[in-house]
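In this document, chain identifiers A, B and C correspond to the written order of the chains, with residue numbering beginning at 1 in each.
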Amino acid sequence: MKLRRVALALAMVLLLTGGAFAQDTIRIGVYLPLTGQNAFGGQLELDGVKMAHEEIPEVMGKKIELIVVDNKSDKVESANAVKRLIEKEKVIAIIGTYGSSLAMAGGEVAEKAGIPVMGTSCTNPLVTQGKKYYFRACFIDPYQGAAAATYAIRELGIKKAAVLVDVSNDYSVGLAGFFKQSFAKLGGEIVSELKYNTGDQDFTAQLTEIISKKPGIMFIPSYFAEGAIIMKQAAELGAEFKIMGGDAMDNPEIVTIGGEAVEGFMHTTFPYDPSMKDMSPLAKQFTENWKKAHPDKDPNVNAALGYDSYLLVIDAIKRAGNAEPEAITKALTETKDFPGVTGNTTINETHDAEKEVGIVMIKEGKKTFIGTVKPEM
Amino acid sequence: MSLNMFIQHLFNAITLGSLYGLIAIGYTMVYGILRLINFAHGDIFMLGAYFVFFSVTLTKLPWGIAVIVAVILSTFCGILVDRVAYRPLRNAPRISALISAIGVSFFIENLGLVIFTGLPRPVARPDWLVRVIKVGGVRILPLAIVVPLVTFLLVIGLLWVVYKTKPGLAMRAISKDIETTRLMGVSVDKVIAITFALGSALAAASGIMWALRYPQINPFMGVIPGFKAFIAAVFGGIGSIQGAVTGGMILGIIEIMVVAFFPALSGYRDAFAFILLIVILLIKPTGLMGEKLEDKI
Amino acid sequence: MDKKKRNFILNLCGIGLLALFMYWAQGNLDGYKIQVINLVAVNAILALSLNLIYGFTGMFSLGHAGFMAIGAYVCAILILSPAQKQALWILEPIVWPFSVMSAPFLVAVLAGGLVAGFFGLLIALPVLRLGGDYLGIATLGFAEIIRVVLTNITPITNGALGIKGIPSYSNLWWNYGWLLFTLYVMVKFINSNFGNVLKAIRDDEIAAKNMGINTFKYRVISFTIGSFFAGIGGALMGSLITTIDPKMFIFLLTFNILMITVAGGLGSITGSVLGSIIITILLEWLRFVENPLTIGSFEIPGIPGMRMVIFSLALIFIILFRREGIMGMRELTWDGLFARFSKGGKTE
């Protein structure tokens, strides 16, 4: 009799303590630049993630807890942020980040620890290359560069292009290289390729030279700060060619800084924009919900990618059936045709999402989505 | 290269060169008197631009008044820096003052980062300055004429102060022999403060004009132009105002022209200034117009 | 026993204790703390190298970041495998012979130091004729030129993309091992006649010249050795952080090392080590200023950028109020310690 009582008591104790050790919440980490140079993009991505979290706060019956750490647009902070999320906060998956060099710094840490990460808008191929645990919801720069070149040659019919590269910025250098390769492959001619450094403010020498070579289009894969000045100076010097940039130019400050000079400027971006004409029902829903939640600012690709990244991680957890990082990683590699705001996502062998590339133009001071392009690789 | 292109480049070069020259004057004046490289000079330049920006956007002052306010505020900042960070070190080894200068420079830049945030700000420019004028095949902004003109006038004004007024005389005396000047009853600290005031006013003016030419300001905008201007001052002859302006002009022309004639080198543009520095230090350390600063044994 | 033997045994005990501490730390401290301890060692090596040039020989060199960059890049290229190099150089493929060059870690770090030292020699020859502030600006200029060149020679350095995924061989044992080596060399040099000459040149170069010393030769040697160790420090740092790019090696990096050297005490080896410990930990600790703080029910938002504001204020304070730093020119020696404690009246 006594033995049974003891056994029962023991069992109850085990049950209670066992219950205390069980995971009640699913902890997902988020690391983004909320301050510093990339704060604009990071903040929007965070808003997108948070909106998705509000719509889907639970998975497999357990509550999802979002832990957000600011990586301050700095590589060292980025590595620290991921370390903190993994070692201190014990997350099972991470979302982030805007800015490829930040993603690469954080990615090293996550790879060693074996925690899967879903990148939002980091487009440099090195972010996922050779990595088992890093994925991304966006396409990569070779794809983007090819898209810009395809659009220039096939849609705009331009055969001669010039490139102005920020030689001290890895994003710029990479994207310019991919554009050049594709443009030449498709039969175009690069008539001029000149360089500058981040923080430069005088591009008149380079621009005067480019103007003299008479290209049909100038490709400037820069950040919006230099991009706006470049376009202004180009206008002052009487440039008549079209100007095209990459996704880093997606920032409304461009119109404020560049004024009239940015009229007609195009850039590649992810296939979402509130001004799109034929939106998928999911995208429409997202846009409407966003306007309700944030009446003072427009959604953009960053917000959409943040939203999609969250959905992709949750979907992987569902398919894995548990909250083990290894299982989630495997489920992520098997993602196929997952519907999102930025289109259907399939994760390919290099852990990148293959999507169409959108083209946006500044028309009458406003960002207008003018179409998508399937790059000829 | 066509003649039109060359003239275009020349106008760009003269504008850039005048700006470098104006900033260089402040460096050369302070160095001539204190033998101190005022690292914080480039940051006064930055403050001048920001003060104008905030005067216009926050308090909606008309542009001309905003400029005057900005110059006065920057001058005050310059004098403050001397009083707090350099004056206590007058009798210390020169390197201490130099380290202090570096510290002050970083301090102002990072304080600016905290207060103004790192987001580049667009600067509103009065219309008449930026309406493009077409002459033949060359397009120039009125700015390209205004900047060198203003620089010229400011330099003339400064030379008048230095050579025709009592404080100017005191400044020149201090740069020759500070102890003797002190013994002659001159309030050395006051004259040094005046030097900083003049230098800072010029820095602010160049910062404002720089913001007009390149209408985007950020807290670190003074770093590279500051370095280059100092190099220009050394090149032209440290201690000589005419040297500073000449050096600035030459540097501006070299920067634009080398990229114009050898576009492949455009990525190395920042290095030109430093290469120029090394060359002049090796060949003629006193600069083009400089006097030998004697080491008395 | 005589002093020399006693000191030698004490030194061995000290090293033994250090080894024990590192063994314990590897198993018990979390990754973040170990990273900081590693950083302390690397910063100490860098501070010592700058101290040799500036604190002991009186040459105000602002070019340290350039030598660090050279050391870091040379070491990284040597310890990456050819396959990794093919994969990383996505813009312009890496050229032969850099594509196949490879070396074990010890050799790679040494190579980094040697190449940096070589460039130090090249730069010293023309530039050391200048004095004082001009030397500072000239060396700063060279550091910038090095950085701009590294950014542009993409086939060799991968340009702005930098190098990622550097094998992190750099651990506590290697870093402190190199630190001990650096300390040994520095102490030997400074306490020899060579060191006396350097100090003489620092204190009064003209007098030294009048004594018949070829000051130029000694300054060049000091500068070369200093840049050698700067290269070593850079190489270790590259392997520690696992990613390097030209933007890392800006003047700010030299400023940090300068701060450590000044805070510790120009002309004091102990000072450089102490300075490194204090400043490295301070810099990390200051990160909290930029993170939001919750006290009770209040949340004070973090202020980004405050860290560097406080840091630069600290430098200004040190230079205004205590420019000799913590140690001034004094050293912590076994003899000094014993002298202090035996004042209490104890007899041996």
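By our rule, contacts are C-beta pairs under 8 Å (C-beta built on N, C-alpha and C of every residue); 3 or more make two chains touch, one makes a residue touch a chain.
Here the structure is a predicted model, which means the values were calculated and not measured.
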Of the pairs A-B and B-C, which shows more C-beta pairs in contact? B-C
Centroid-based (C-alpha) most distant chain relative to subunit C: A
Rounded to a whole Å, what is the gap between the Cα centroids of subunit A and subunit C? 37
Would you mind pulling out the distance in Å between where the CA atoms of subunit A average out and where those of subunit B do? 41
So how far apart, in whole Å, are subunit B and subunit C when each is placed at the average of its C-alpha atoms? 33
Junction residues of subunit B - those touching two or more other chains: 118, 267, 270
For subunit A, residues that touch 2 or more chains besides their own: 36, 167, 195, 197
What are the residue numbers in subunit C that touch two or more other chains? 148, 151-152, 304
Sites on subunit A touched by subunit C in the complex: 35-36, 70, 72, 75-77, 80, 83-84, 87, 101, 104-105, 108, 125-126, 129-130, 166-170, 172-174, 177, 195, 197
Give the list of subunit C residues in touch with subunit A in this complex. 30-32, 87-88, 90-91, 148, 151-152, 154, 159-162, 164-165, 241-243, 245-247, 287, 290-291, 302, 304
The residues of subunit C that touch subunit B in their complex are 60, 126-127, 129-130, 132-134, 136-138, 140-142, 144-145, 148-149, 151-152, 206, 252, 255, 258, 262, 303-306, 308-309, 311-313, 315-316, 319-320, 323
Of subunit B, residues touching subunit A in the complex: 1-2, 5, 8-9, 12, 16, 118-120, 122, 130, 132, 134, 139, 141, 214-216, 218, 220-221, 224, 255-257, 259-260, 263, 266-267, 269-270
Applying the document's contact rule, which stretches of subunit B touch subunit C when the two form their complex? 35-37, 85, 88-89, 92, 94-96, 98-100, 102-104, 106-107, 110-111, 113-114, 118, 227, 230-231, 234, 267-268, 270-271, 274-275, 277-278, 281-282, 285, 295, 297
